[in-house]
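Shared chain: chain A. Partners: chain B in the first complex, chain C in the second.
Let's look at the complex of A and B:
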């Protein structure tokens, strides 16, 4: 695909029609977000013309020497060749911006913290899980980072890692590990502690009229991003309702944003992100019996002996249950009212016993998407 | 052996008149001689030529003097990013490998590009957006439901290129935005739904529109 250039008419129309927006949205309005499962471990997020796919994979390896009890979380953020060719020629800085965005996404997911890294430890100092989220930008019409963050968070919430067990009776200093396939032992979901969301706003201001207010357009289109003077990135944890990070563009222009305007923009942005947060919550329902009716596209089965996480069937054999299964420890939230089905009840029991300190509450589940 | 069944080999809307066909929506425009396109200037080559992009597989050239009534002293000075409404005069074929060429002259009319009465020429102001091939065909047909509905209520200027690009301009930005969104939303609607869409959009944007455009409402 060749690149298609942006005309001056479009760019100046965006600027001259402010505070109206080209597609008729209010300044704070976000486009509708659609989240879909593809196969078992991939999530496809679509928002207007921007499409991002996110997939989780896990590997077992040695931990970092200064963090022996922590697993690892990595994010690989790339764009498909179609997007690079279509926008790379016009917007030569696209590859650089993708790299920056990938670093930001990874640090937001790590430090939210989205996944409890200590729960990924198998043998302290010797074996830990490394979860890699592969985020791919498939189509780009503005706000790639926001949609990518939703896709990555949804993929992490949906992912279940394979069970690994230490093989006893070996004399080696590093005991060997056996990773069980999903058919042998059911994979375990990750302990997610936070649901981070990254919101992007295009910043418009007038150099010649310093008294004119700075305008923030949330979830910008590609034309709006190209016409804007700066970009404001807000990382927000929806579950804990915490503000994680705010990133403003550098330069003399960005310094003219007043603190009051920034604060108002943050509050409005977080308010407007609620539909996206609801869509994220809805996607964490189990694959069998989706009450919200999210479409699911099953992939053809690929049989590879060294890829334990590729499967479409939910394993039905529950693990050996410890004594605390009947009475969960005090102070823990009761299990969520999921859609009842025989296989998911065993998964519920499994999750309550294996991770008794899950912080997910049922309050966040009560929201329904539009 | 006579054919006993008709099988569709492409995805799209099935039409029976004027002949059996399936309206697909591929994203690539293939230029033909005589097409009227909305093109964006990408480069100025010397003083004689502009390189333009019309959304086809290859770019095309637009001679600097190929404007209605243009002379060396009196011709538009265009830059990269400007938009023109032109017609295709030359297209590369297997027999003849050449650059595609456009022209903004209108043979058979003596209107000049300066006055803006010639339909071809530079398009100033307004905004540009891309539409699918099926919507382009519908917009260029007479009658067109969405354009007629809009034209009854608001005043605007529009240029529809066969290459799937549409340019819209009007006196007020809310009107341009209204027209753009009405056209994009009417892609899969019939006449009645289009009328309802335009009415609903007008009602929603009524406080923003300049009052004089509503006086002529029937």
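Let's look at the complex of A and C:
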């Protein structure tokens, strides 16, 4: 798909219409952010034409020798081949810019700190979790870094890591651990301490009149980014309301600004971050009662008082707790190995199909509407 | 044993400086005689040597000017709108004519109309975007024993890994590879690459490449396809290495005669904890930074900022060219979380100190050294201009 570079007319239109913006937003206005979960693992963030998908993955490995109690957090920031082909054909430095953005994203997530690394330790000095966030740019229309940071923060907040247990009773110096699959033991969510957001602004300055104020356009479009003189990146923690980092690039025109203008832009940018933070909070609240990321398993049904009578006729089913004991917590009781962990109706159907012969009494109880 | 007081009752730091004073700056131009330009800068105990080679022909051979413009514009970064203007992908376009036409336009308008009525113009940037290469390396003897130990331990780990890989039969891993693993470079390498990228970013925007009217005819010295190599070697690191490296690189570029928009001056600053509040202090040494972050771990470390300014000759303004501010690293444990105004205020105080208090002091020394060097060069080459020039400068 051929993609032409932006013409001088388009770029000078952006510059000459300042302080108005091309899509009618105010200078400090951000586009509306749509954040949602797709499937079981992915978070998809859409902001105008920019779309970013983020997924988390965990691995268990040995920690660094000088930090034996800390896990690791890594971010792999890539663009899909469509974006690389479409924009990289014109903009030869796109890959380099993505690499720098990835480094910045990783350092912001690490230093926020987004995830408590000490909680990722299994055995001090021997086994820790390493969480890798895979952030992929699917479509690019400006402000890829900001949308990527929202997607990564949402993915980390919603991710649940598998449970690992040390296997006792071995003489090896490195005790082996067993990592349970999500079907065996429900995964645990990560301890997130901060929610960092990265806000981007395109900097426009007037070379002919250095006393004219610099203009900062928040959440720039692709045309605005191409026409801008440099870029301002602000990392902000919305949960703790702290400023994490400010970076102002140099750009092709050696854009200079004054500290007062920069400070004013900071204040406005932090105000504009609130709708994005609200969208993040709204999406990452897990549904109540279930382990995050897993569909609901009808464990409540297993511990019902009439259940023991039914399961006498089911030799393959593991015996549940007796009715006198309170229902066990969801994390301990493993579900039926044959249940496909889908909705409750299919579990009942399975139980019915497994037991063709049943006593009359229990059959009537089995058929009782739940 | 208590934490040492970083600021005494009189407001003096442990090396006798006030919070607005930078360390003693010593500048020497022309240290490396084989390089086109070199500078050796000592700021306190931080010593950096920079050698500059350029402007050079690009290593792939000169090629035609069209080829070099193609290379230059595809290597241009996000901010360059000139690549759109030059459109190298359309082979029918004659790029030279386009440039000359634009130049004539700009000259006419500039002479007749004064300030153009459209304030922000899309001009091809006369900068060396994509044509500055930087290599940043820290000598292994440069830093304090603790980090030298960490460096040696990391090297030992690499060698063990290579030995294990070789024993397992994987001969593809080269024994002298500086990368710790195939895809993840070591921490020191990553820091060097990041520092090199930052220095390159700063000077790409500042070096003039010529080819448009505003550069004042420097296209002979710095044609659009020329490349400038900047080699930074940190000989002793005691805090603020990036700022000192940028200062040394600007002086080395002046020594090499590479045309620039101005003399970029960099300064670092932080905020030291003193009696339960943070006092901004400029140009901290490594020891001060370490003590401050140790003392302030409850509050979450100390912020650091590196600011590069482009001082203009006309007035005393210090416009910010490049800002890199990093706040405290860990989460503050106080229940009363400070509101956003406080953190923005801290950033403003620290950045203001670096830009308006620290940079002018450094600029004075650097400017004097650069002008003195120019005077010496003139004295060597042209006898008649010497007396007039030196009289004008002093």
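Everything below uses one rule, namely that the second predicted complex is superposed on the first by the 281 of 370 C-alpha atoms of A that agree within 3 Å, B and C clash if a C-alpha of one lies under 4 Å from a C-alpha of the other, contacts with A are read in each partner's own complex, and residues count from 1 in each chain.
As a working rule, a residue touches a chain if its C-beta (ideal position, glycine included) is under 8 Å from a C-beta of that chain, and two chains touch if they have at least 3 such contacts.
Just so you know, these numbers come straight off a predicted model, no measurement behind them.
Participant: Please indicate which partner A:103 is in contact with in the superposed arrangement: first for chain B, second for chain C, both, or neither.
Facilitator: second
Participant: Touch check for A:24: first (chain B), second (chain C), both, or neither?
Facilitator: The answer is first: A:24 touches chain B but not chain C.
Participant: Of the partners chain B and chain C, which touch A:43 in the superposed model: first, second, both, neither?
Facilitator: After superposition on chain A, A:43 lies in contact with neither partner.
Participant: By the touch definition at the top of the document, which applies to A:35: first (chain B), second (chain C), both, or neither?
Facilitator: Touch status of A:35: no partner.
Participant: Between chain B and chain C, which one contacts more residues of chain A in the superposed model?
Facilitator: C
Participant: Would you sort A:225 into first (chain B), second (chain C), both or neither based on which partner it touches?
Facilitator: Touch partner of A:225: chain C, not chain B.
Participant: Which partner does A:5 contact after superposing on A: first (chain B), second (chain C), both, neither?
Facilitator: both
Participant: Look at A:164 in the shared chain and tell me whether it touches chain B only, chain C only, both, or neither; answer first, second, both or neither.
Facilitator: Neither partner.
Participant: Based on the superposed arrangement, let me know which partner A:193 touches: chain B (first), chain C (second), both, or neither?
Facilitator: second
Participant: In the overlay, answer first, second, both or neither for which of chain B and chain C A:278 touches.
Facilitator: After superposition on chain A, A:278 lies in contact with neither partner.
Participant: For chain A, which residues belong to both interfaces, chain B and chain C?
Facilitator: 5-8, 11, 16
Participant: Name, in rising order, each residue of chain A that touches chain B in their complex.
Facilitator: Result: residues 2, 4-11, 13, 16-17, 20-24 of chain A touch chain B.
Participant: Quick one: in the complex, what on chain A touches chain C?
Facilitator: 5-8, 11-12, 15-16, 18, 65-66, 89-93, 96-97, 100, 103, 111, 113, 193-194, 204, 206-210, 212, 225-231, 240-259, 262-263, 266-267, 270
Participant: Which chain C residues qualify as touching chain A in the complex?
Facilitator: 73-85, 87, 89, 115-116, 118-122, 125, 127, 129-130, 150, 153, 157, 190, 194, 197, 201-202, 204-206, 261, 308-310, 312, 317, 319-332, 337-340, 343-344, 346-348, 351-352, 355-356
Participant: Which residues of chain B touch chain A in the complex?
Facilitator: 40, 42, 53, 55, 57, 79-83, 123-130, 167, 173-174, 176-178, 180-181, 205, 208
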